[in-house]
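Each remark here refers to the structure printed beneath this line.
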Amino acid sequence: MIIGRVAGQIFMTINHQAYDARTLLIIDRLTPEGEPSGGYLIAVDTVGAGAGETVLILDEGNSARQVLADANAPVRAVVVGIIDDLTVLAS
Amino acid sequence: MIIGRVAGQIFMTINHQAYDARTLLIIDRLTPEGEPSGGYLIAVDTVGAGAGETVLILDEGNSARQVLADANAPVRAVVVGIIDDLTVLAS
Amino acid sequence: MIIGRVAGQIFMTINHQAYDARTLLIIDRLTPEGEPSGGYLIAVDTVGAGAGETVLILDEGNSARQVLADANAPVRAVVVGIIDDLTVLAS
Amino acid sequence: MIIGRVAGQIFMTINHQAYDARTLLIIDRLTPEGEPSGGYLIAVDTVGAGAGETVLILDEGNSARQVLADANAPVRAVVVGIIDDLTVLAS
Amino acid sequence: MIIGRVAGQIFMTINHQAYDARTLLIIDRLTPEGEPSGGYLIAVDTVGAGAGETVLILDEGNSARQVLADANAPVRAVVVGIIDDLTVLAS
């Protein structure tokens, strides 16, 4: 699992039907301190995450299908929580 | 899932028979802003994506087999949608 | 499996219910010599690891679910041991 | 899936018995233009690929086992085709 | 699969019980020419590999469990062979 920030959304009209009712978010990967680390991924929203919010991303297909309660969903990454607070030790 | 752009196609005559009727596309990985990020992958087309189009790639084997409706397809990545538009927040 | 150090913890109130009773640790990835290598991940604690401790991380979903004894846990990475000692050969 | 070039072969006498009758090739990873990208992997040959040939690599365990028609093969990557030609768009 | 060299061992007393009877080796990742490439991973030994030996690593959970003949082993990477010789083509 990784930490990310909602950066945008993608829109498709020609697509596999499994994506018809899904919100597909563009998620910037963050460091533990909440700074962008340069990468990104596309994840299905399951918690109503809004633009700019810090979120927990589950980036594994089998887990993603369990979260969506759909054993056949062709989905790899889902947004599973909105992070209120994170504590990082000084290093 | 990631965003990519159709960059080319590969052709084989000696291959595992599962690939006989598949279109294998060379996909450049893109940043969320639509710029090439330097990497690439080979993916099976499922939406009729054409050269230069921006597409959504599903890069996990179990999901790919579900999209292809073939539990035995030895395929890891598939093109699952053509992206019409993407909204990225200023950061 | 990789070696990491407990660097912090994340807290969520809006999340998938599978995370309600889990401790989610921020783990800095370490080199074999115990130095931070720059990356991190989020892992579920299973051994009571405390801040600053060096730990063994199992970073695969199916294994993580077996460790949690929950075939449906949407979890990819777990802390499976606290490392007392490590021997590295001179190279 | 990725594109690679056959760079060599490895030989073992002490090994898990599942590898006894397999040819294990060293595969250099290539860019879509056919240039080495710096990485490599070890893959089981299934098409009789020879040294220097450009090949398609399937790098996922479940798919690899289907290609080998052996549900228990402890193999992650297989060579599944010899690439005759590849078309890359100017970018 | 990748090539590595046995660089050390880790020791734990507080750990998931599945690791109680396992030897956990620190493996430096190697290039095909046998030079360290900078990365490492932790793998369970299955062939009695000693310090400094060049080995074949299988880095996928389902395969690792088949090698260990334990469908529930929470293990991702195993040492599956000791490499006697490797042939690399001039490039």
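Each chain carries a letter (A, B, C, D and E) given by its place in the written order, and its residues are counted from 1.
Assume a residue touches a chain if its C-beta (ideal position, glycine included) is under 8 Å from a C-beta of that chain, and two chains touch if they have at least 3 such contacts.
What you see is a predicted model, and the numbers here were worked out from it, not measured in a lab.
Student: If we look at subunit A and subunit C, which chains touch each of them?
Tutor: Touching subunit A as well as subunit C, we find no chain at all.
Student: Among all the other chains, which ones are in touch with both subunit D and subunit E?
Tutor: Chains touching both subunit D and subunit E: none.
Student: Centroid of subunit C to centroid of subunit E, CA atoms only: how many Å?
Tutor: Chain centres of subunit C and subunit E, defined by C-alpha means, are spaced 20 Å apart.
Student: Using CA atom averages as chain centres, what separation in Å is found between subunit C and subunit D?
Tutor: Going by mean C-alpha positions, subunit C sits 32 Å from subunit D.
Student: Which subunit A residues sit where two or more other chains touch them?
Tutor: Residues 62 of subunit A each touch two or more of the other chains.
Student: What graph shape do the protein chains here make by touch: line, ring, star, complete or other?
Tutor: Its topology is that of a ring.
Student: Can you trace the ring for me, subunit C first, then subunit E, and on through the rest?
Tutor: Result for the ring walk from subunit C toward subunit E: C, E, D, B, A.
Student: Which residues of subunit B touch subunit A in their complex?
Tutor: 1-3, 31-32, 46-48, 56, 58-60, 62-64, 66-67, 78, 80-89, 91
Student: For the complex, give me every residue of subunit B touching subunit D.
Tutor: Those residues of subunit B that touch subunit D are 6-16, 18-19, 24, 26, 28, 36, 40-43, 51-52, 61-62, 72-77.
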